[in-house]
């Protein structure tokens, strides 16, 4: 089915994400907008700050390798069974990127506070870790509901990304996008100032009017622009649509181990004529 | 009876999961995942295995926060963690070695450890490489502390540490590991040589108990099939699955 | 389709809700388990405490009229366009029920804290109201993230219902229930110690294996028992299934205006042979 | 030009919603709902109406907390509230008269007022019964206060009060209502006689501006049709909808 006329392209989305923006993105299997990620590299984006919800793989690594990021807040960047994330590791070791180490539920809590317009959310745990010791923006208070004795608890501040960016399974001509059970994408859209989405397929009909699709649909009040990008998560997976391209990921990890190899990879797969070959 | 190291570890972990109603297993964990599925099979589902990355063996559907919400409620009884470094107090380091934030070697990051180590009653540390590089006297970065002072709300914590040489149990009162059993071929001396932290040791340290025949049979049939959905190569190469 | 053998009856659910239990229920259009409500009246339940999420209509009113409740925490009990809730009004005015007045988002916050295992959740607003003045269990702290000057904010304690009780559109033979976009029911199931559900229809297949149903499905780990109850929300509505029975609601309001009329109503519609006529 | 009281009020409210991007309307509110839909139609959708209880004119789908979350974020610009009692400082009482908690007359409850009155910039109070029973000097129970002392985070608050006799505007600096216009047939004396609180009044109080012809035409066609989905009797009996 043809994309609605209101849809823009992945490159147009990239051009609407300004340098310096704080971008929230889902984890590897959550619907990663890789086509827009490549477009950000192509448009030579700079000083972006990435908030991974709560972890990332190739998306973060590629943006770091291409010099698009000045900062990353994350609970982990890894290529999973393909090994460590080469550009991430290099940049942190060389001190060329600011890293804000977090732990998964703390990142959800920061977004949930933003979703509610609350200044903070409490979270158990974390106390005594160097994660907490290195986060001046996280606070510890005494639980006011504790009975007898001190009961320290961490408060996470609300974090409102400038942009939520993800890839969804369906979009319709009314501006709805369907993420199914990927609640992280719903959270990201609710918590962020603006939301850009690529969709794999065009849904014939109104997703908000289909009782079965409704629970997994994000309505247009939260969505600023949609692009149609077939295989838009490639080489990562899209649930119930395609698996990740393990061979390609392996070759990426191998290439990215050196800056030269990474540059060659970009030439071939990002600047090349056909990215999603 | 013949068995492999993987089968031994699966059975050893399964024993540690006795009585756990909800067992969660994170990514890249085929051996813990097999153990969780084994316990699920042995209990007729009274113990429930939740394998991250599995479409079938994951009874949850409400997105990333759900595991942490459930753990916070006390609804996750057992979980597995690793560590780039682990020290004698069971502090774990998933972040980096050397100075922070510009380290010598950067690992992926703390993931959910700084939360789950506090909330899950039985956290089993699983780290196969048994070396002084990994098992250090003091970790360079505490992703999650092995123990907390009184007054810090902490229903959870470390339970055991499994390596390629041995199994340690963790003493929560004394914040120390105690050697519990040796893997086939490993010696106490070898463990001492390759461990950078001090640990307790009973006088007569013996081998880890061999797999029970009924469990071995299950592993070769149902468990191999079940784990093959998430870890096909592991099932094929390590458990001999030919499905 | 026949109900799975593991299903129990609405009356069995009522018998498994012990006297004194704190029961969380959704609002009028959220899937109200009216058949179980009638069964609770039939079994002469006593000292139940009701938490309405966040408001209620006939369910609360009938339980109050029948003397099943000792306490109610609510943001509002009303029969909507059919007028005030007669039994509720009478019981509060006569002081025969303990009322804990709340405001809608505070009730969500109390459950969300329970869902996360957090001791509390912050919420803006409320300060200076008599709602807050009458809630000794709600606390005000100074926002630790405020820059310069005092910034009071309310903290709501986690509230964990003993029982979540609601009516859902579908149940399957694997113990899954489908509530579609009724996130309050998901929240209730997550936040409560146990969950009892009646379902309108039996779904042929596994709801967790249908990509389109997945986002609206509550898996069996949260569900303690399911009953099949056709028209189980009657005389209230069930989304996309049936409208509320306005004529019946009107007759209920009229009857419930006197204790005698209420007793007659129960005889006819609750103790009678065919409740959902 | 002939028009009804409902049409007059719909147009008056629509003027108050000028510039509001997101307008939310609660239950049992056909006149505010019609006004919100009118503004949506007039702005070509730039102003968005969310009618509670409507399947079509409600662009949200994420359950009960969503409205409050959006309001907390500043994403709801206008909302409507009523009150069993309303006093001269715009305190509203949706709970009860007489002593609390065992009152003389119990109302349904505070609903979302104690939150939305703080978070929504333009809260329009709508209460048709204009009597000293409703408009009191001091409410018996404050469901939500009309104003807050400095230091209390409060981006929202009362904007106007609409009754069957007149329209008041609210002065947030002085915490007082100011009479803004009389409805057809109503006199200043009548308003004073039936209002239990003191209010400001300009020297020459005039009538509420008549409906604009283009708006009237829209109300009779598109708006009547749209509101008929949620309030069929209102659309038929008050707006003459014959669809």
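Worth a mention:
The first chain written gets the first letter, and so on, giving A, B, C and D; residue counts start at 1 in each chain.
Basically, a residue touches a chain if its C-beta (ideal position, glycine included) is under 8 Å from a C-beta of that chain, and two chains touch if they have at least 3 such contacts.
The structure displayed is predicted, hence computed values, not measured ones.
Looking at the partners of chain A and chain D together, the chains they share are C. Averaging Cα atoms per chain gives one point for each, and the point farthest from that of chain A is the centre of D.
A comparison of the C-D and B-C interfaces places the larger number of contacting C-beta pairs at C-D.
Each chain gets a centre from the mean of its Cα atoms; for chain B and chain D, those two points are 59 Å apart. We define each chain's centre as the mean of its Cα atoms; on that basis chain C and chain D are separated by 29 Å. Chain B and chain C have centres, each the mean of its CA atoms, that are 41 Å apart. Taking each chain's centre as the mean of its C-alpha atoms, chain A lies 36 Å from chain C. Annotation for chain D: residues 61-62, 65, 68, 72, 119 touch two or more other chains.
Each of the following residues of chain A touches two or more other chains: 116-118, 123-124, 143, 151, 153, 181, 183, 186, 214-215. By the touch criterion stated above, chain B contacts chain C in their complex at residues 22, 48, 59-62, 65, 68-69, 71-74, 119. Against chain B, the residues of chain A that register as touching in their complex are 27, 29-30, 53-55, 74-78, 80-81, 84-85, 88-89, 92-95, 98-99, 101-106, 108, 112, 123-134, 143, 149-153, 181-184, 186-187.
In the complex of the two chains, the chain C residues touching chain B come out as 114-118, 186, 190, 208, 214-215, 217, 219-221. Listed in rising order, the residues of chain A touching chain C in the complex are 116-124, 139, 141, 143-146, 151, 153, 155, 157, 179-181, 183, 211-216, 239-240. Against chain A, in their complex, chain B makes its touches with residues 27-28, 53, 61-66, 68, 72, 94-96, 100-119, 141-145, 148-149, 151-154.
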